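What follows is a pair of complexes built around subunit A, which joins subunit B in one and subunit C in the other.
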Partner chain A sequence: MPELGRAALIVCLGLAVYAVGAGSYAAWRRRGRLAESAENAILASFAAALVASVVLLSALLQHDFGFVYVYEHSSLELPQAYTISAFWGGQEGSLLLWLLILTGFSTAAVLLARRSSRSLLAWTVPVLGAVIVFFSLLLVAVSSPFATQPAPADGLGLNPSLQNPYMLAHPPMLYLGFVGLTIPFAFAMGALIARRTDELWIVVTRRWTLIAWTFLGFGQLLGAHWAYVEVGWGGYFAWDPVENAALMPWLAATAFLHSVMIQEKRGMLKIWNVLLVVGAFALALFGTFLTRSGILSSIHSFTEGSIGPWFLGFIGVVVAGSAALIVSRLPLLRAKTKLESPVSREATFLYNNLLLVAFCLTILWGVVYPILTEALRGEPVTVGPPYYNFFLKAFGLPLLLLMGIGPLIAWRRASLRGLGRTFLWPLGIAVAAGLVLLALGAGSSIPGLVGYTFCAFVLASIALEFARGTRARRALSGGSWFGGLAELVSRNRRRYGGYVVHASIVLLAVGVIGSSAYDTTREQRLGPGQSMAVGDYTLTYRGATRERGVNAMETRALVDVERGGERLGTMRPGKNNYFAEQQVSNEAAIRSDRLNGEDLFLIAEQIERDGVFLKVLVKPLVNLIWIAGFVFLGGALIALWPDAREQRRLALRYGGREALSRA
Partner chain B sequence: MLAVFLVYTSIAGGTPQLRPSELKGRTGEVALVGKVVGQVSGDARRDGMRFRLRDVKGTAAVPVVYRGSVPDLFRSGRDISLRGELKNGTFVGEPGTLVTKCPSKYTDKKQT
Partner chain C sequence: MSVELVLGGLLAAAVVVFVAVPFLRAGEAPQPDEPAPDALAAAEARDRALAELKELEFDHRTGKITDEDYRALVQPLRRRAASTLSNGATLSGRTPEHAPEQHFSDV
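This part shows the complex of A and B:
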């Protein structure tokens, strides 16, 4: 069986090389048949990657420890679901998953574009092929998941911290996001090589970007929730290099999703858009490189593997190649129109882009700072959370404000009088909300207060947009409010889906601000019967229990919780001692309040015979972060849903069948 | 935006990251990275946990005393980092800064 896996990967590599060679020649000489054959090579590479993946998966499920990979990442007693997740639990397997998704996405992109925008496909196929070549080459020559050995009796097992339901969803989602960014990149490069610098490539790939961006965003929130409930330090994001690695491409893709609208509507920002697409893809590769190279110390630090230099080389090729291509096509990328006024819809989009990219670059700077300082001064200097939190406030708060301004402001040029009328209500509501919050004591954190006022402003302006649109719909066609709203959304899914996403970002901001600017932390040692007060909670330690679980010794501290004289129940923070892996894991206890979204978070730092060191965190509104994830997904789905009307509009604009694109 | 960035970075700076062998004579707060060697004694909740930290690749080592939260994965043989300051030949850690580099996802147990 390992031979079959290895052979499938070699076939995949061969097909991708063929797609590059034949595809380029066909595009250059305009050979239709040959171009089709290159496209088919991409489809076949997916089949090959699929075969290799099935081989690895079945080896895992059959506990074939003759596979070094299976031996190192699973064991006989590992539950079946985690045996499957061991597929991406190690470097080789995760690269194979990457290849599988890459060829799968490429296949879908080729099939969809074949029907609609064939002319774009000519040079896109070789670019896709080249990326596939890189990954299959890595798997064939450097980091094979099909290395064999004389089979030992049992495997080494999976790291206990990875034996978690989130392990089934979080990594694959991030991969779907990372890899998805390849498709817009390939189409952008394909369009540039073919000197097609109209908006078609953007129209064809906008949905792909949206899909990748949705996976990346939701995947990150899943990861944050995983960290919050399982790792048990009371936080959900720590500005760790690996977390930043996923955030950066998401920010770049967010900027791109906004700036494409300017190019579509006004023919501006063409160079910028290409740069963003290249940037997002390069950052996705860079993120993978960071996690595998061992160049940075991170709590996620993965092995100091042999693939780091390969990734660095590939990123270099991607960046240098794209840069050369963009420079050579500069004359074609001149904007058709200019910015007419600094107070207009397109100007707010521009500010939004500048802020997003600035934030992305400051994160990048923070991530590479230790590398730079080591190279320049001989010793690495790290920047910590204060650095990132400062810029989150410096750039995040204006971004939040823009989210309220942008949707309401007119295209091209907004008059001051019009502005006053438009913003009367949202401004009034924001000021009122700010004053109420101040009266409630939110003034203890000025950034928090400013943030909440902005949140109120954005929500009010979104609500206003929905209300106005619905009223206009009803005036046209009558019907109920709800019917008008539904029709409004379905007639312009991108726009209103976007607003729903904006609302989810506001929820996220409310949760993040609440749990970071207004949280309470207290540590204390409690003997049996002793109490402590945190916020309006009173906690009483009752004693400890020790039970033998399936694979761990479970120690728990029993803590009674009261609020305002009302008993809320017993919480059980503790620790698990895993037998097989000989590791301790912290099991925090969390009590979520459904009414106000607040969490009481207990960590038993140390349980002794006659007491417990208890760390208590009260995190107001933190649950809105998780709700935001679902709202985000809902909004993204609304925006993603195929829209027949829009297809017709596009067809009119780009002419004939060419643009009847469903991609 | 660039101005904001430059002003902030010039004022705040970062924390130098050192190995035990580079620690000699240093004052001020640094982040120390190394491997825990030998016995771990004392109590991090009371008078402090004591252990020796060695260069990950090397032999120089320094005694460390630390109070505060200890990560689950902390034990002798692990690579860790913590912030703190050298005082009278002992590196005094700052509470809550001890971080283990976990053997994690992409490492097999042979190395730990």
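This part shows the complex of A and C:
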């Protein structure tokens, strides 16, 4: 069925070109029917992308090696789940996934915003169409997933690193995040082109940004867990360029989600917010470029393609076009109000934004610098973890502190007396926690001790916010503590959902600090019956096994584990030798302690007939990182949940259209 | 003629019809929704003033603002909120008595 797939992509391209042309003319000449027709073209482009995706997926499931893509990324022995994930395992398939999600999100955005404000949607449709044109053009002319060949008997298989359950969810999740940032960008550009001075675009897009940001954040944590359990080096984040590529747009979107509140509440930072929306989208494109262009070496960069110059050109057009538009609309974007005090809630948001953007830019420089040095000097200069870790501490610790300070300060301005009253408890708890940790030996890492003290401060400040808010709510409407809390959260979902997200960041920080500042690593060669001690654990090597798996030969070292004289079981680190792919992968063995969140992590670096080279890591509190992912998701869902009161307010403001609230 | 060719043709025909639907429909063409900028600006100013008042009340109740600070801040905000309410009501055609009720019920 390759012809059907190709035809569907050509139809998608044609529809997107029509959406740009007809949509622009309709918006310019105010032609209602033509505008609706352009919107329909966006909806139809989703159907076309869906047909193309179904063709590729069915070719994968039928092992139709006549498709070059199917031959290069799957094999007869590949388990069915990974045959499905091979859809996004290569460049062409992942671009098709981009297009599918892009047209799907665009369709949802058009349908939801259709009745709320056609004048805003009018110029948004051509912008969405232009992005769809770029991706469908790439798939039609540059990197087609429907190239054919005489069918070989078997395929080359899938990269072993991608043969992991996390790969079923992690890439689509990241793509949902990357692509989701297109929608706020399109609405922002649409509003600027239409010279809209009101904040309707902010109302419409903040929820889209929150959705994209949630997917991107959760997707990164899934990726970190994949790296932890699959790549087999004992870590979860290595400041790899592709990991950074996902982090940068997330940081920009995080800054936007905070600064947009200042625009809503005080009418300030309009230019800044537009810049953040454009920046987040451009960084999402840059991330896809890094992953798919093959311009740099990364464990996550699974393909080397010819699409790099196309992406660079498109990023250039997006940045230059957006910059020109913003400059031309500067008079409309100037704020009429100003910051009243450097000690206020909005000021802390501003500081938070400056730190987030500074951190994002330092990461960007670390990613771009090797590319630039290679282009200019002929050899790349590697920027390693020490560079990023320095800036993580320099910007991350103040950001952590601001998460605790922000909620305690009032809007507009705060007096010293008021500050003293609200800071008393969180500061006291933080100092007490720091002293207790120092007594327990946490002083072996000063950044770790400072980080934990800040974490205690933030958690105390969040708990205090919930307690004081619930008390105030009960004073107004009575009822139980639980009822007061539920009412408090349901009346201020964005605020309290945000606090839950802050709590998840604290959990993440506790896990990261524990597993990086207080971890233990030991490497040793063990013969059969020999033991080694690491932390509280005693490990004894018993021998090796070799078994044929579904699509790989699996070699495992058998290691007995004891702690305090109690036998905890046998761990089996080893290696898989994949038949079709002709590659070897490290298969780490991990034992998690649910009581203290600690992991015992074993890597069999080399298994020989008479022994094993074993690398052992003890990682305290590392499991809090994964728990943080679920807390993050819970907080994001609270913030995203529709609020009937807000819907009523917005309907009243924008002319009684109930549909607006759903946008 | 292959099945794929037919399916591709059907897809193309279906999307052409779908895109052309607005031109085939009888009746008035849908008009772009053009909000009056002044009324919208007034509505946003009104909502912002009311939200600030609400935040101030909440910050005071939760102890973030002292009684002294509250007294200094609340009067100017109330005046501004009242002024934006009457201004917004004039521009939107609603009675000034009606709009505040709807807002304060949410605050």
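Convention: the second predicted complex is superposed on the first by the 648 of 663 C-alpha atoms of A that agree within 3 Å, B and C clash if a C-alpha of one lies under 4 Å from a C-alpha of the other, contacts with A are read in each partner's own complex, and residues count from 1 in each chain.
In this section, a residue touches a chain if its C-beta (ideal position, glycine included) is under 8 Å from a C-beta of that chain, and two chains touch if they have at least 3 such contacts.
A quick note: this is a predicted structure, and the numbers were derived from the prediction, not measured.
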Next on the checklist: For the combined arrangement obtained by superposing on subunit A, do subunit B and subunit C clash, or do they fit?
Outcome noted: fit
Next on the checklist: By the touch definition at the top of the document, which applies to A:Leu137: first (subunit B), second (subunit C), both, or neither?
Outcome noted: neither
Checklist entry - Does subunit B (first) or subunit C (second) touch A:Thr422, or do both, or does neither? => result second
Checklist entry - Which partner does A:Pro380 contact after superposing on A: first (subunit B), second (subunit C), both, neither? => result first
Item to check | For subunit A as apex, the angle formed with subunit B and subunit C - C-alpha centres, to the nearest 10 degrees | outcome: 150
Next on the checklist: With both complexes superposed on chain A, which partner does A:Leu355 reach: first (subunit B), second (subunit C), both or neither?
Outcome noted: first
Checklist entry - Thinking of the overlay built on chain A, is A:Ala394 touched by subunit B (first), by subunit C (second), by both, or by neither? => result first
Next on the checklist: Just checking: does A:Leu61 make contact with subunit B only, subunit C only, both, or neither of them? Give me first, second, both or neither.
Outcome noted: neither
Checklist entry - Of all C-alpha distances between subunit B and subunit C after superposition, which is the least, in Å? => result 28
Checklist entry - Which residues of subunit C touch subunit A in the complex? => result 2, 4-5, 7-8, 11-12, 14-15, 18-23, 29-35, 37, 40-41, 43-44, 46-48, 51-52, 55-56, 58-59, 61-66, 68-69, 73, 99, 102-103, 106
Checklist entry - Hey, which residues of subunit A end up touching subunit C in the complex? => result 1, 3-4, 7-8, 11, 15, 18, 30-37, 40-41, 43-44, 47-48, 51, 117-119, 122, 197-200, 264-267, 408-415, 417-418, 421-422, 465, 468-469, 471-472, 475-476, 645, 648-649, 652-655
Next on the checklist: Taking the touch rule as given, give the residues of subunit A at its contact with subunit B in the complex, in rising order.
Outcome noted: 72-73, 89-91, 94, 156, 159, 161-162, 233, 291-292, 297-303, 305, 354-355, 358, 362, 365, 369-370, 373, 379-384, 386-387, 390-391, 394-395, 525, 575, 583-586, 605-606, 613, 615
Checklist outcome for this item: Interface with subunit A, subunit B side, in the complex: residues 1-2, 4-5, 8-9, 12-18, 22, 31, 33, 44-45, 69-70, 72-73, 81, 99-109, 111
